[in-house]
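One chain, chain A, links the two complexes that follow: it is found with chain B in the first and with chain C in the second.
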Partner chain A sequence: MDKLYDQKKLNFKSLLGNYTFILPALIMFLLFNVYPVFLILKLSFYEWDGISPLSAMKFIGVRHFIEIFTKDKLWWESVWHAGIITLLALTLQNALALILALAVDKGIRGGNIYRVIFFMPPVLSGIVIGLIWKWIYDGHDGLLNHFLVSIGITRFEHMAWLANPETALYAVAIIHMWRGFGWGFIILLAGLQNIDTQLYEAAEVDGAEAWHKFIHITCPLMIPVFILVSILTILGTMQIYDLIVSMTNGGPEYYTEVPITRILASMQGENRFGYACARGLVFGGMLLILSMLQIKISKRLQKNL
Partner chain B sequence: METYSKLEPKNNPFTTLGIHFFLVLVSITCLFPLLWMISSSLKTQETIFKDMSIIPRSFEIGNYATAIIKGEFGVAFINSFFYTFSVIIGVVFISSLAAFAFSRLNFPGKNILFYAFLAYMMIPLPGIFVAVYVLLHELGELSKQLFDVKIIGINTRSGFILSQIALNLSFAIYLLKTFFDNMPTELEDAARIDGCSKFGVYWHVALPLAKSALGVIVIFNSLTIWNEYLFASIIFNERGLMPLPVALMKFQGSHVTQYPVLMAGMTITIIPIVIVYLCMQKYIIKGITAGAVKG
Partner chain C sequence: MMAAFVLIVIPIFSSCSKKAELNDEKTLLIWHWMTDRDETFQTLAGQYKDQTGIDVRFELYAPSDVYTYKVRAAAQTNTLPDIYGILGESRDISKFVNAGYVPDMAPYLDANNGEWRNVFFKEALATNEFGKDNPFKLKPGTYGIPIDVTNIQMLYNKDIFKKAGLDPDNPPETWEEFLDAGEKIKEAGYSVFVGGFAEIWLINSIASCFAINLMGFEKFENTLKGDVPYTDPDWIKIFSLFDEMSRKDFYISGIVSMVNKQGERYFAREEAAITYNGSWSVNVYSGMNPELNYGTMLPPKLKADNPVMIQGGAGSSFFINSRSDKIDVAVDFLKWLTDRKQQLYLAEKTNNLPSNKYTFDEGSKGILQEFVDDMDKMFHPQTMRYSEHPRVLEMMGKGIQAIIIGKKTPEELAREVQELKQNLM
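Right, the complex of A and B next:
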């Protein structure tokens, strides 16, 4: 408490002065963060088309939520699509990130250059990334098919990867993982470099094999980092949007629809703002439960080890 | 970087070679699409489908002129620059004032307010854009009634800038408050004894000392705002107001196969970010790892 500016009791004038410091932040927070949260909560129980005045909206109770949980097949399919991409990212993308982090952590030359390169895709606009790959994937003019033909694989000569229901979602998932592994890599590498090297040296004296050291030293110490990376992966991937909109826009048909595109569709396409808010609430709740589960699991794991 | 080894007593030269081979392979997949984009931006509409080489046979710089003028990416570039700059200024000043207050000043409700900001940062709100759209719509109507013009609202620059400032405040306040909490107060105390006001201490002492934390905030916000698409796409429907990512989507929607010009527009979009990234990569990586290892 000794760092506080005012040690003695505050008088009215200095209290007012203190409040002016947080006033701009408070106004922004109330207007753009707190009020919208109440608006979402309220609108979820109302029918409103986004055009007529707000006062004209109609209270309909929990009907939106009933519709989401009983009738909205498309919504749950979109959640499922994001779930598939998330599962792939959790396993493949993070495994790649861990392997790369372990490789660079071995004190290899040029480690910093690799770090700069691996983190390049994550800093770029998702729209740009999506549009580059959309063209590379193109059935007629795309580089991918051109390359496959040139190495003798003619099976896919006119395969439109993003327009085919069987491949579209996975084609997007691959790009999402390609774009995102740099995040996991950077965080995992920082975690690895934080581990005290004396632990490894002690294990070496005891004659431990590389694999044993990984299982008994690296893994237990890295659990909090693993959990952090998986929470970030889940939150980031479930809310995937930029890549979807630039590569497939939800198509072909509805095969690559994800929750954010569905929320937007009910807002802009169908002019059902209340329903869009209800979808947003349900989705936010799901994400919150997922990340709390992760934290629980991590605490349990750390206790057992 | 040190050359100690953690997993093996000695790195076998073949293992090292194998590791490098793997790392180089991954690096190529990271960079190749970008090189392909730049290379394609220099080809012509005729050669782009035939010339599959990475170094184009002729350099068609004209694509960039077409992109900037006819494709309206020049206007979009200025818009992006303006939005990014304005949001950063807003976030830096509003968050540093608040963080200084949370760290150094005393007032009733301080802790509750700080935790409210934190909670907002932690709780995922995927549908918030719907509500922000409604709010801006309301503010627009209100402003038309009060001032006869839309000073804020849907399809206004101020609407986008203010909503983006608000959405990025929490993280900046959290980062700066932690920074101020760990900062020694000797200099501030000296300034105080010399009769400096609270604002004077904040402005002349605390803010300059927080340069490194402010740097992290500036860099992260410039990446976020420059690349922002979702809010920009629902707020703007007038071509002249759109930032680069939205302009790119509009352009490819109406000129599907003009690949060279589209690729030129995309190259223009990433150039500033690549420059910022390469110059500031140490801070970016430091910012992520500091946050990650602590959290």
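Right, the complex of A and C next:
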């Protein structure tokens, strides 16, 4: 009995010791991650200008959410714009990242140099990238137009890519993909290098060609990595902000507005903190649903392959 | 364990000691966002310390949107410094006043027969004044102290005017003359107009100037009040001006995605003949192209009977924290800062217009004097009886961008803006 008691005491002590070690991190997490979420949830039910004392807030129930879902056309347009950029990033950006990762994995010459080059854009500041590309896209003395004219394409001599509603969003999307594919490349390359080479050797012995090896070995084993890259792409792209602010500021008119710029507009210009919080919650909910759907679809795919 | 102590305890103690230092009677803390003036502020702070023994600490937080968030967060946590600036419109200032973060400066300004009040351009003080029937229901008073003034005008490049066969000393005065001049500038191979039209406040500013001239001040204010709709023919005419300039190909390529800084660069590089910019740009242009030969001109007149007015008022203002226990020390410093000698130093170092009207008594400051000469033509949205809702302003500015790129007609914009205005009323 005493032995059992001692054992329990020891277990409790060890448990307490373990929790003591994670306590600082837990407190930080609760304070800076969990508490703000509850505060945002609370604020979304209140009318508040962000300056007056919290005691001056006015409870308005779900009125903000009703406004978002029934009247806020601009908000849904901004979600649509972010959706277009996300779709392009999911397909073109990740396809490019995969092709390059496969090439480097196959041991092409200078693989390490490519790794560094491909990973340079993601580590640069978004604002700096945006300003540089804004100059490249400039309609008056931009590098892109000079290049196009120099190769004989004179049609675009004075084309202001970021001021034209037909091209502005896609011009930003291209830079976003250029900036973001390095992440995908690094993660996909790490995934590819984790695949046991014996599997490929066995397939070769059985007479499998490169395409078959890719479809029947690489793809199924890479599905968890694809899921990770896709989720990171969706979350990163839907929350695009720095490039938009530095390149177009949401313009011309509302053609490149994205959810984050609209959330900020309701906080900064209109002083509607409660409404901004409601927009933030709706946006967060959408991203959560998207990510869960993505995981579900990917798991089903993994089973079928 | 030792590492935890170093990481957690030492920063807490050091922040406490910093706070104690700042609570000292002899130290004043000031927050600002003015990157171009920071060095000058630091020099002035040094001079003030030598003269009075008071240690004034200017802390710079930039860019301006970061500063805005910092001040708002500090207001919430009751950690505002002794003196700070509020970026925004009268609506924003009123919220700080209403929340009890800003004292009325009128008693200090009016002491000794208004000795301090009398040194300011009245338009500069008016920007921070709330009158009897102000829409924000604030106690009437003057809540901020302007340290400089600004006005926004059209600027034209005299050398390009000469090359285009135009008289550089007589810029166009009417809309028709402006259009004729534009055609000649185009023929000379230059873009006619450049400006930071990605920034909607600048578009709204020029639209307001045109509107006040065309419809008169009262009708303009009645639009803000909601008595005159934006579908009024005068408003459609205002929106049509932007359309006309676009159809005549007056704008530099990509103007709607151009921030003001970019517009300033093109004007400084003499790629466009005319721009719309504030007096602060004198400093910018002298840095970018000291040889730039330019002058100011009023926005072209649309109706001869009505005066042309330009937007202007206090450029940057400081507000005292009403919860500071050093209000009198702060007042003394602001009095010193707005004194003629310090104002002259600020104007010379930063090329901003001084808020003290006696600063340039002993000689002009070239192009700055041209801005000063038009101080009597100024209006400021903050001094009006009514203010427009930020969402209406956003839609109008963005809508004018759409007109410029041919995606909207003036009539469509007028209808949309009016619809939003009605929904918000």
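The definition used in the following text is that the second predicted complex is superposed on the first by the 274 of 305 C-alpha atoms of A that agree within 3 Å, B and C clash if a C-alpha of one lies under 4 Å from a C-alpha of the other, contacts with A are read in each partner's own complex, and residues count from 1 in each chain.
Rule of thumb we're sticking to: a contact is a pair of C-beta atoms (placed from the backbone, for glycine too) under 8 Å apart; a residue touches a chain by one contact, two chains touch by 3 or more.
Worth saying up front: this structure is predicted, and the values here are computed from it rather than measured.
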Check: Aligned on chain A, chain B and chain C: do they clash or fit?
Finding: clash
Check: Should A:4 be classified as contacting the first partner (chain B), the second (chain C), both, or neither?
Finding: first
Next item on the list: Kindly classify A:83 by the partners it touches after superposition: chain B alone (first), chain C alone (second), both, or neither?
Entry: neither
Next item on the list: For A:112, select first, second, both or neither according to whether it touches chain B, chain C, the two together, or no partner.
Entry: first
Notebook entry, point to check: Does chain B (first) or chain C (second) touch A:50, or do both, or does neither?
Noted result: both
Check: Between chain B (first) and chain C (second), which does A:236 come into contact with in this model arrangement: first, second, both, or neither?
Finding: neither
Next item on the list: Determine, under the contact definition given at the top, whether A:253 touches first (chain B), second (chain C), both, or neither.
Entry: second
Next item on the list: Could you look at A:268 and tell me whether it touches chain B, chain C, both or neither (first, second, both, neither)?
Entry: both
Notebook entry, point to check: More chain A residues touched by chain B or by chain C?
Noted result: B
Next item on the list: Take the contacts of chain A with chain B and those with chain C, and give the residues found in both.
Entry: 24, 50, 53-54, 268
Next item on the list: Can you check the complex and tell me which residues of chain A touch chain C?
Entry: 24, 49-54, 56, 134, 138-140, 158-160, 162-165, 168, 247-249, 251-254, 265, 268-271
Notebook entry, point to check: Contact residues on chain B for chain A in the complex?
Noted result: 1-9, 11, 16, 19-20, 22-23, 26-27, 29-31, 33-34, 36-37, 40, 48-49, 52, 93-95, 97-98, 100-108, 113, 116-117, 120, 123-135, 137-138, 141, 162-163, 165-167, 169-170, 173, 181, 185, 192, 198, 201-202, 223, 226-227, 229-230, 233-234, 244-245, 248-249, 252, 259, 262, 266, 269-270, 273-274, 277-278, 281, 284-285, 288-289, 292-293, 295
Margin query: Using the touch definition from the top, list the residues of chain C that touch chain A in their complex.
Written below: 4, 65, 68, 72, 75-76, 91-92, 95-96, 98-99, 191, 198-199, 252-259, 266, 271, 390-391, 394, 398-399, 401-402, 404-405, 407-408
Next item on the list: Sort out for me which residues of chain A touch chain B in the complex.
Entry: 2-6, 10, 15, 17-19, 21-22, 24-26, 28-29, 31-37, 39-40, 43, 50, 53-54, 96, 100, 102-112, 114-121, 123-129, 131-133, 135-136, 141, 143, 146, 178, 182-183, 186-187, 189-192, 194-195, 197, 200, 204, 210, 213-214, 225, 228, 235, 238-239, 241-242, 245-246, 259-260, 263-264, 267-268, 273, 276-277, 279-281, 283-284, 287-288, 291
